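One structure, as C-alpha cells, below. Some questions next.
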C-alpha cells in the first residue's frame, strides 16, 4: 500500500465545535488516516461519531481545530479551489429550476467551461448513469434513485481523482440502494478515483470498500480499520461467505470487540 | 365524489355570491333603504353602465399610478434586499427602518410627498404606492435569499464558487418564488395606496377623488359604481400577479 | 446578550444614517429638486418640502397654535394618537373575533369553506377601503331607539373590516395545520370535534395566528387613519395629518408631528400584539410556519 501514491492524509486531527452559548462538542479526537489513490474507504459508526465531520474537513466545508490534512499533497482549501474532488450528499441537492443536464453542468459552468465542452461532457455522463432520455427533465419529475444518480454524475463531472460521498444512498429504499451500490462499483472501476464514503450501513460498507474505518462517538475517534480483499464485487459477493465474515468483523468492531453475531446493529 | 367536490369548490362560492347580492337587493327594496346608506346592487350596476367611460378613465389614472409605484417599489425592494443579504451591516441598519415602515400607515406620508414633489404631479401618489410595495418586496426577497438549503450551500462551497456566482446561480433563482409572492401582496397594496393617497389631497383624476367628489355631491349610487371600478382594478392587478406566482410555483417542487 | 446589544447599536446607526442622508441631500440638492423632463425625480429641498430634522424635533415642544392656552404640540399629538389607537384597538378586537369565528365555521363545514374562502381571499386583495367616504353619512342617520350611530363607530367598523381578513385566512390555515397523523390519533381516541379543537387545532393554529394578529393590527391602524380622513372624524391622527398639511407652507415642521404620531401608533400596536405572542410562546415551539 505504501507503494501507491497517496490521495488523502489525515494526521492527529481534532475538531471542536463551539455552540453559541459556548458549550463545546468534541467531534473528532486525534484522528489519523491515510487514503491511497484509487482506494475505496468507508467511514462507519453510530450517529455523533464524527464520520460526516471528517469527510467535511477533507472537503474544506469546515475547518480543523488542530492537526493536519492534506489532499494530494495540498491543503484542503487549495484542493477545493483546484477542484481536486467531487462530492455527493445524502440529499441529492439538485437545483429544482435546472434541468437534469443543467444540474450536471453546474460545476462546469462555475469553472468556466465552454458551452460546447459542457454539452459533450454532460452527454457522456448522462450515458454513464443511463439517464440520457431524461436530460431535459426537471428534478421533481425524477424518482429518488434517479436524482441521486444525477448527483453522482455531477460529482464526477470534472473527472476528480477523489470522490467524497456522505451517505449518498441513505434516503433510498433497499432495492434501489443495492442497485446503486452495484453502479457505484462499476463507476469506480471505470474512473479509478479514490472514494471516502460515509455510511451507517454495515453491508453497504463491506460490499463497497477496500477498507472500512470504524468510528465511535464522544469524542469521535477511529477505533478500528478493517481490510477487505474481495476478488470481485458483484451480486454473487452478497451471498458469499467472505462477505459475511467482513460484515461480522465490522459489526464486532462497532460493538467494541464483543462476541460475534451481536444483534441490534442496524443491518441493511 | 370527485365530481361532487369540484361542484362544491366551483359552485358554492358562486351560489353564495349570488345569494348575498340577491339578499342585498331584496333588503334595500323591501325596507326602502336610502342610497346614502347602501344603494341596491341593481342601482350600482345601472350607475356603473351609465358612467362606464368615466370609471374607465379614472381606473386608468389610478391604475397607472399603482403600476408605476409597483414597478419602482418592486425593483427597489429586490435590489436593496440583494445588497442587504450580501452586506450584513446594511441589513442590520435597515431592520428598524423597515420595521417602522411595515407598521405605519404609509398613506399618511402622502402630504409629505405632495410637499416634496408638488401636489399637482402624480409623483407623490406613485411614491406612496412604491413605499407600500417596497416593504413586502424587501422582506419577501430577503426571506427567499435566505431559504438556501445547507446542501446547496455546501455544494457551492465545494465548487469554490465566487459570491457573484453563488448569487446568480443559487440565491437569486431560489428566491424567485418568494419575490413573486411579494409582488402579489404588493400589487394589492399598490392599488389600495394609490387610491387612498387621493383622499389625502392634491388634484387627481383617479378613482379615489371620483369616489369622494361623487359622495360629496350626494351621488351615492355613482360613488358606489366607482368603488366597483376600484374592486375590478384591484382584481386585475391581483389576478395577473397571482397567475405569475402560481406559474412559477408549479415549475418547481421537490429538490 | 451582547448580540442583541450589537443589533440595537446597528439599528440606531441605521436611523442616524437615514437622518444624515436627509440632511446631506437637503444641503446639497437643488431647491427645486432634480427634474428630468417634467417629472421631479428627487424631492425639493426647500424648508417647506424638507424641514431640518432638528426643526421637526424642536417643533414638538412648541405650542400647537399661537392662540393663548394652546397645548404643546407633542401633547396634542399624543392625545390624538391615543384616540386613534383606541378606535383601532376596538376595530382590531371586533375584526379578530369575527375572523376567528368565520375560520371555525370554515373548518367545521367544508362546504362553508368552499363557499366563503374565495370571497375572503378576493376581498383581501381588493381596495374595499374605498368605501370609507361612503359611510360618512351613516353617522347621525342611523338611529335605533335611543341608540345613535356615531362617526367613530363607522371608523371602527372600517378598521375591523380590514383587520378581519388576515385573521380569517391564517386562522383557517392554522386550524387545518395538524398533520393527519395527529387528527387520526384524536379520531382513534374518539375525541369530539370540540375536544379536538381545544386540545389540537387551536394550539396548532397559534404559530399561524401571531403574524396574522400583527398584520391585523397594522391593517386596523391604517383603516382607522384613512377612515378618519375620509369620514371627517376629528380628534384622531388622521384628521390631524390633513389639518396640519393645510398649514404646511407656513409651518412645515408641524406636518411631521402627526406623522410621527402615526409611526408611534403603529409601533405601539405592533408591540402590544408582540406581548400577546410572548404570552402564547409555549405553543410556538414547533417554529414559525412558512
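Per-chain numbering from 1; labels A, B and C assigned in written order.
In the analysis below, a contact is a pair of C-beta atoms (placed from the backbone, for glycine too) under 8 Å apart; a residue touches a chain by one contact, two chains touch by 3 or more.
What you are looking at is a predicted structure, and each value in this text was computed from that prediction instead of being measured.
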Shared interface partners, meaning chains that touch chain A and chain C: B
By mean Cα position, the chain sitting nearest the middle: B
Remotest chain, chain C as reference, centres from CA atoms: A
Intercentroid distance (Cα basis), chain C paired with chain A, Å: 54
Approximate Å spacing (C-alpha centroids) for the pair chain B, chain C: 16
Chain centre separation (chain A, chain B; CA means) in Å: 49
Touch list for chain B against partner chain A, complex: 149, 151-152, 154-161, 165, 169-170, 173-174, 176, 251-255
Partner chain B, residues of chain C touching it in the complex: 6-7, 10-15, 17-18, 33, 38-41, 43-44, 48-50, 110-111, 114-119, 122, 124-134, 136-138, 141-142, 217-218, 221-222, 225-226, 229-230, 237-238, 241-242, 244-245, 248, 252, 255-256, 258-259, 262-263, 265-267, 269-270
Residue numbers on chain A that touch chain B, as the complex places them: 56, 59-61, 80-81, 83, 85, 87, 89, 91-97, 106-107, 109-111, 138-140
Complex interface listing, chain B residues touching chain C: 8-9, 12-13, 15-17, 34, 36-37, 89, 92-97, 99-100, 102-109, 111-118, 121, 123, 187-188, 191-192, 195-196, 199-201, 207-208, 211-212, 215, 220, 223-224, 226-227, 230-231, 233-235, 237-238
